[in-house]
Amino acid sequence: MDLRKENKALKYILVTISFIFLGVFLILPLIYIVITALKEGIAGYVNAVTDEYAIKAALLTIEATVFAVIVNTIFGVAAAWLITKYAFKGKKLLSTFIDLPVTVSPIIAGLIYVLTFGRQSSLYPILDSYGIQIIFAVPGIVLATIFVTFPFISRELIPVLTAQGTDEEEAAAIMGANTFTIFRKVTFPHIKWALLYGIVLCTARAMGEFGAVSVLSGHLRGKTNTLPLYIELLYQGYDFTGAFAASSILVVLAIIVLILRLVIEKHGRKELDLNK
Amino acid sequence: MAYVELHDINKHFKKFHASKDINISIEKGKLVALLGPSGSGKTTILRMIAGLEQPDSGEIVIDGKVVNNVPGSERGIGFVFQNYALFRYMNVYDNIAFGLRVKKVPEDKIKERVTELLTLINCEGLEKRYPSQLSGGQKQRVAFARALAPNPQILLLDEPFAAIDAKVRLELRTWLRQMITKLNITSIFVTHDQDEAIEVADEIIVTNQGRVEQSGTPQELYKNPATPFVAQFIGNSVEVKNYDKFRYFDKTGETSVAYLRPEFVSIFKKGESVQFANSAEEAVVEDIIFRGSNIEVKVRIHDNLISAIRSINNPEIKVGETVDVFIYRIYVVQGDEVILATNSSLADEAIVI
Amino acid sequence: MNKRRSVIPGFGISMGITITILSIVVLIPLCSLVVFSAKLSFSEFVYTVTRPRILSGYFVSISTAFFASLVNVVMGLILAWILVRYDFKGKKFIDGIIELPFALPTAVAGISLTHLTTTNGWVGQIFYNLFGIKIAYTRIGITIALIFIGIPFVVRSVQPVLEKIDIQYEEAAFILGADSKTTFRKVIFPEILPAIISGFTLAFARSIGEYGSVVFIAGNTPYETEIAPLLIMAELQEYDYSAATSIALVMLGIAVIILSINAIAQSVVSKRVNGKA
């Protein structure tokens, strides 16, 4: 007898509630986006997504996302390695600072960059003398994107590396392997799926960031507008078809991310089981 | 008179046949061990008696009543889980009281019973502790008290000593045996450790590959193993492939497989034994293991590596030495049965001397 | 930093990379927030954050985030339960789609939810015509958007804990005579309560700071549906950095309080379970 499968009626009630809830809150908005995007026919849709400004916005989004993924991958791997392979003072504090960005409101994230690099900052004259502009320009957007996705990769790697322990690295080190060899041959095989998973999450969040980017963008059409900002612009100009058409691109990307997540998780679970 | 009976029980887990035609009968007040290697189906039997699993066919009878359709909680059973399954978020008092509270026993009666049990298990003063603050032995005792609280007629214990370190385990064995005798409660426990079963139980049921191989008192199992499996499983038996080559043992069955226990073998230095001088065989010592209170000597004879125990008071034997080996008895396998064969030279001992 | 004599090489380089990037992205900006805040005059700070419009913003943010997180606790518990305990068609689909709010850009979710819930939207007209309830451009709308973004938090924190509960606990309760309701209440619920609290506080903290999905559906009527992050945004657009920082400091304070409550709750529980009480 299986204690956990007793109550059929309860099961159907709970499953039904879940389907209705997710149907209304998650599926319906997706369907709505697609339908509205196609309201004015395929031609209208194609027009909207191939608009010059839409493409420029998409390119900027890709640029910011690529930067965020590269920086956060380097950081995430270094930080996860540091935290799980060595004992040192201040480790807890370090972890807190790494996790901090996701608990801060995106608007506040934007604000602190404005305070750091804006006109009133003492850094401003120095940067200005080199002709570097950060806020209301592309570097600000990139920085904000890095910030909001900051812990995404390290957070996926740390549990896997913790479960794996340090025995294998110590064995390799005693046999004389250098850092790079140890990482490549010993550590990396353990974390490859978790790393990929972190990169997928980081990409998803980076391309969709709105609040922080909104603060730091100059909202210049074709210059500092990312895709989500461009959608806002169209929406506020009552160009709903355009807004939803641009949104549909992000919907497709989100669905791809979800599918990737399931695939990677399947592999990653096997890996985590092996580590145990 | 049988108190717990299993008639023709079969149980499958998907395609795995976990219990095959199980027939068991346990008398009231007995302490019974279900002994077998892992995967032999012993835990499944225990869980079916407890109502945690349903048999596919067959009857489970407790106190003369078929209980197949009676929920486990109404079978008058106490169950001690392998890792105790003490509720982590309840203190000792609440853990022991749990079974009484769900039965809506008045709170003052509960207090009385819990206090009584705490005294019984020697854990007075621990009622406010949480399971994580208890030692392994204390957890085991609390789990025992929790199972006993609703006054069950039968106590079932799943590997009760498995999670405890070796030293405390011996103490707890004695304690549990005394407790159960004192309470005179019919008890069944599962173990894979033959020493544990032999030492604690009144009766042992040996399981293997889903079947009951033999049941009986420890002495019976030891002296008269009914099946090749029991002969091999009980005692530190080694398998012998061609026993008929040994002196004074004649082939009696179709195969020449037999089981030999260390206590059936004596090993002598050359010239040490007068008694068996003519009937012993020569063999070469391959290994010597110091066991603390005695010495295990391994010798190769007729292509079999067999063990014997020697007292540390006897003259020392070295690896590579040629020694005299005398085998008193062996268990000869004949089909599904086992027959005890005795060295035929012992019959005409007078002539030998 | 006190380096332990580990045999694994690479401490220096990994520490170097970590600290450099952390400094540029997090520490220096955070310092500038601290430096800037120190320059604020206290009376001006108090004046800014106690203006009725700002107080109302805090209230709207906190109350809607709280209700949304409560809904997510109930739904998150149900979702985690069915995903762990039941087999049914579409289980993989539910498991995958739950993560949508993490993957879908908040602004996209925002405009879609807004259009669906206006008085002539697909869902909005049903509620408006039948019950006279407006969703978009009211606090209900804000709550809806916050429920959307908070869905994964409770599910993802409860699910792994529920998966790990040893069936022995339930069997022990069953043999002692407990019915499934009692077993859930006394045995399972205490096991998952820490995960529920942690999921709730994470969703709550995230919801208070949420901007993208809310601005569209909120309507942003002063004193009615203006959320605190929007007020910061408004001050920034006026280049009033002092006011923006003041409002932000209070919000950071609220976030710290929420996360501390969680930390305290978790440590109380872990003391009990790990035996250091």
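As written, the chains take the letters A, B and C, and residue 1 is the first residue of each chain.
In this section, a residue touches a chain if its C-beta (ideal position, glycine included) is under 8 Å from a C-beta of that chain, and two chains touch if they have at least 3 such contacts.
For clarity, every value in this text was computed on a predicted model and none was experimentally measured.
Colleague: Report which interface contains more C-beta contacts, comparing A-C against B-C.
Modeller: Looking at A-C and B-C side by side, A-C shows more C-beta contacts.
Colleague: Let me spell it out: compute each chain's centre from its C-alpha atoms, then which one is farthest from subunit C's centre?
Modeller: Ranked by distance of C-alpha centres from subunit C, the top chain is B.
Colleague: Between subunit B and subunit C, what is the gap in Å from one C-alpha centre to the other?
Modeller: Whole-Å distance between the two chain centres: 55.
Colleague: Express in whole angstrom the distance between the two chain centres, defined as the mean CA positions of subunit A and subunit C.
Modeller: Measuring from centre to centre gives 17 Å for this pair.
Colleague: Using the touch definition from the top, which residues of subunit A touch two or more other chains?
Modeller: In subunit A, the residues touching two or more other chains are 3.
Colleague: Where does subunit B touch two or more other chains at once, residue-wise?
Modeller: Touching at least two other chains: 51-52.
Colleague: Send over the residues of subunit C in touch with two or more other chains.
Modeller: As it turns out, subunit C has residues touching two or more other chains at 171, 174.
Colleague: In their complex, what parts of subunit A are in touch with subunit C?
Modeller: Against subunit C, the touching part of subunit A is residues 3-7, 11, 14-15, 17-19, 21-22, 24-30, 32-33, 36, 71, 74-75, 78-79, 81-82, 85-90, 94, 97-98, 100-101, 103-108, 110-116, 118, 120-121, 123, 143, 146-147, 150, 166, 169-170, 173-174, 178-179, 182-183, 201, 204-205, 207-211, 214-215, 227-229, 231-232, 235, 240, 243-244, 247, 250-251, 253-255, 257-259, 261-262.
Colleague: Which residues of subunit C touch subunit B in the complex?
Modeller: 166, 168-169, 171-179, 182, 186-187, 190-191, 272-275, 277
Colleague: For a test of understanding, state which residues of subunit C touch subunit A in their complex under the given definition.
Modeller: Contacts found on subunit C: 1-4, 6-11, 13-15, 17-18, 21-22, 25-30, 32-33, 36, 75, 78-79, 81-82, 85-86, 88, 90, 92, 94-109, 111-113, 115-116, 122-123, 144, 147-148, 151, 167, 170-171, 174, 180, 205-206, 208-212, 216, 229-230, 232-233, 236, 241, 244-245, 248, 251-252, 255, 259.
Colleague: Give every residue of subunit B touching subunit C within the complex, in rising order.
Modeller: Residues in contact with subunit C: 50-52, 71-74, 77-79, 81-83, 85, 87-90, 98-99, 102-103, 130, 132-133, 146-147, 149-150.
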